[in-house]
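Before any comments, here is the structure.
In this document, chain identifiers A, B and C correspond to the written order of the chains, with residue numbering beginning at 1 in each.
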Amino acid sequence: MSQPAITVAELCDRIRVQPPATIAGVAIAGVTTLELVGENEASFVLKPRYLKVAAKSKAAVVLVPEGMKTDDPRALPVPDVWMAVLALLEHFHPAPRSSGTVHDSAVVDASARIGANVEIGPCAVIGKDARIGDNTIVDAHAVIERNVSIGADCQILANAVVRHGTRMGDRVIVHAGAVIGDDGFKYELAGGRLRKVPQVGIVVIEDDVEIGANTTIDRAGFHETRIGARSKIDNLVHIAHNVVVGSDSIIVAQVGVAGSTKIGRGVMIGGQTGIKDNITIGDGSKIGARSGISSSVKPGSEMMGYPAMPMPDYLRSLKALKRLPAVMEEVLPLVREMKRQREESDEDGDW
Amino acid sequence: MSQPAITVAELCDRIRVQPPATIAGVAIAGVTTLELVGENEASFVLKPRYLKVAAKSKAAVVLVPEGMKTDDPRALPVPDVWMAVLALLEHFHPAPRSSGTVHDSAVVDASARIGANVEIGPCAVIGKDARIGDNTIVDAHAVIERNVSIGADCQILANAVVRHGTRMGDRVIVHAGAVIGDDGFKYELAGGRLRKVPQVGIVVIEDDVEIGANTTIDRAGFHETRIGARSKIDNLVHIAHNVVVGSDSIIVAQVGVAGSTKIGRGVMIGGQTGIKDNITIGDGSKIGARSGISSSVKPGSEMMGYPAMPMPDYLRSLKALKRLPAVMEEVLPLVREMKRQREESDEDGDW
Amino acid sequence: MSQPAITVAELCDRIRVQPPATIAGVAIAGVTTLELVGENEASFVLKPRYLKVAAKSKAAVVLVPEGMKTDDPRALPVPDVWMAVLALLEHFHPAPRSSGTVHDSAVVDASARIGANVEIGPCAVIGKDARIGDNTIVDAHAVIERNVSIGADCQILANAVVRHGTRMGDRVIVHAGAVIGDDGFKYELAGGRLRKVPQVGIVVIEDDVEIGANTTIDRAGFHETRIGARSKIDNLVHIAHNVVVGSDSIIVAQVGVAGSTKIGRGVMIGGQTGIKDNITIGDGSKIGARSGISSSVKPGSEMMGYPAMPMPDYLRSLKALKRLPAVMEEVLPLVREMKRQREESDEDGDW
């Protein structure tokens, strides 16, 4: 929060927008929501219905989408509101940057290859033959086991564990307490009893992936578990062995994906959903929160419920379910009376 | 378990009760359940139906609620059984107390302000400008990042991570492996691709909160995620960014609460429940285990299921659902035959 | 992967099988799936339908069950395919073995009793009066608190926390980030407010148990939480206080078992299932994924759903539910028309 203020002109310069002359000189000391915004700060509006709130706010500058009608003199129209907000956030809260120092208490194996300008925090452990790319930060107490390869500009946060052999691209963020590359859950009957099958594959994390706090991603049985580029995984998610997640997918908190399942590209999976082993979720599919997916779904599907159905069927089914007790009360007595009458008339016929 | 025995008279003195003369001198060497209780130990009865079990037990003393009829000579009537049990537990198993020592292997930043009688365990890390209140225990391997403020008489257990800027009141317990203040899960399309929105808010934990093992509580996007005083959160719970939990609420294991949702005061949420983002759970509501709450609920509601319904509706709906296959088998053939007959008679009419 | 090749004859010797003369001298440089297998490697077939894939693979040797018909000259018939695969895996990927060294940065209390050939990793912490059995590995940053007893040949992986008093048998594996023996979740009203009930019991883990990454197993209120011999628990599972899991049970990822529940022997519990407190799951039961079990089930039950039903009922119920909207649309108009007609004819009768 100790960053200097920035003028509207400076902001516009960064996002390559022509500043309105009327407010070009206005200084911005921070950026936040309309609810919280203070006198010298900027805020932003994404939908017209919030313009009223903006009008009553103390904001010095209000970012609005180009073309949205407003006569608020503090409005700064921009072609991409989030680009402008992100520019301000980056100014006031710059992303963590490596200090380039290795803490005295860190335990770095002599065989590890550490890139330029790497930060290694207190008590962090870097194992044999591990490689850490340039500018990467390994925070306090993170454990990077032997033969792990981590790219450049990554952040491995406090207490995360990256088990042996894991390969990670650039700009990956692993949040606190996440465990990457621990054993898959695999037992087979052999010699009359259940035995652990050694998990000898690895985990591969592609570029720009983010992995949430206390999430677990298991190593493959033989080959690899893979998280595609730019995919984002929330907290407390479980990804089992051999799973492949395509690029640009979003997996919300507490989801579980069972072994060998393939999640496509651009898939969105709502929180607490469970996905069966050995199935495929087609590219671009959307899975509603708390669903249970027990068979493959085609690309572009929107599924919900357990067992999951296409969204319109799910909504019809829900509606029907809600009416069910009342409908039963209505239908059953009538049907039963008819049945009784019919049986009586049958008996009549027997006479 | 190396605490000395305590007499009934001493116990009664602590809980301000008049000891019955007949057992005032009886020594109590421990306290446990009726199932486990040994010859020199105390146990307790909360409901009359357990008096029989108590009668057959080896207990030296049986705590019973005042007014419960029993002729067991070992009975010790007290106005508040749990107060008496807690007094005994506190005697035999005193709560952890700070040793007041900082372990040689701990890494405490020179700028950190450490209160009186603070214990800092092996390899614990205390960051820049962090503040730790009097008598607080920071256990082995806990990581307290920069600018964190922790009150007095707290316990931060092994391997917990408290990320930068978190503010915590007094007597807070953070269990092993919990992660407080890691980034919220927020991405927005900007410049044509999904980008991480920096999470620049904090987490505030009020007095007397307890947070379970491996639970994650994310920092706010702009402002604060807040857990109200005396609220208790179990293991493996996920609390997303901007969530506010009121005071005196109970959240059982593996619950997930999505972003910006407000949980009222005195709310109870059963295990594995999921709660949607941006809704409100009214004060005093009770949410059954494994529910999915996708819209706001009024104060004092009792909800269950997914989608959640008021408890009586849920129970009716369950009952109807259980009967459904049989009812369909009963109704459908009859209805179809009627339909057929009706079509035939229509056809007759066409003649 | 730097293990030397092994001949078919050597493999057969290890698994006590007579090698076929035709391939006895063939060298095996690795073992993997048919999909991945390379020229000098072995693979395996468990079901006849994969023989075709095997025929087209590059495998040097294909393990097949004795008696399965094939004319592939590379086939090696064995009485127990998994025994052979495990023998090869053990050859090429030997299980981690203790280095017998204690890292300089480890913090081992002087009173701890450390067995022969124990490995203690960087920054691991071993508390007062803890006992560690022969050949056990305690990995980097694991925390073994006071009075913990761990048997021989165990592996406690990075960042795991084993809280005070926990007792563990031999050959137990605790994966990264797991928390064993933290407090149960128990509060009682006493003196007019909710108070924490100290959890003074312990956790007992029997021989050959495996516990997944970031799983939490709470200590008992008064006595013990127990995991039976050879039971396997996956990642992110929550086992509450006083729970007893019998031997040879399998608990898949993200399951939650509430307090004081008894899980029998040889039980299988599918992922994300929730099990209520104070109930019993009979020996040999199978619980489907994502179920909610709210009352005891008899030995040998197969249950699914929430509320859970016996598997055939569940499947009937699902089928009925899927048909429900269509059936309602079919039945309701007819029933209503009949009702109307009947009311009209009643009215006729009133004339």
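Keep this in mind: contacts are C-beta pairs under 8 Å (C-beta built on N, C-alpha and C of every residue); 3 or more make two chains touch, one makes a residue touch a chain.
Small disclaimer: the values here were computed from a predicted structure and weren't measured.
Because chain A and chain B share one sequence, their contact can be compared position by position; here under half of the interface residue numbers appear on both sides. To overlay chain B on chain C by their CA atoms, one rotates by 120 degrees, a value rounded to a multiple of 5. Mean C-alpha position of chain A lies 26 Å from that of chain B. Chain B has residues 105, 123, 141, 159, 177, 214, 236, 254, 272, 321, 324, 331, 335, 338 in contact with two or more other chains. Chain B meets chain A in the complex at residues 105, 107, 123, 125, 141, 143, 145, 159, 161, 163, 177, 179, 182-183, 185, 187-191, 193-198, 200, 214, 216, 218, 221-223, 236, 238, 240, 254, 256, 258, 272, 274, 276, 292, 294, 306-307, 309, 313, 316-317, 319-321, 323-324, 327, 330-331, 334-335, 338. Those residues of chain A that touch chain B in the shared complex are 32-33, 35-36, 80, 82-83, 85-86, 89-90, 92-93, 95, 103, 105, 121-123, 139-141, 157-159, 173, 175-177, 210, 212-214, 230, 232, 234-236, 248, 250, 252-254, 271-272, 289-290, 318, 321-322, 324-325, 328, 331-332, 335, 338-339, 342.
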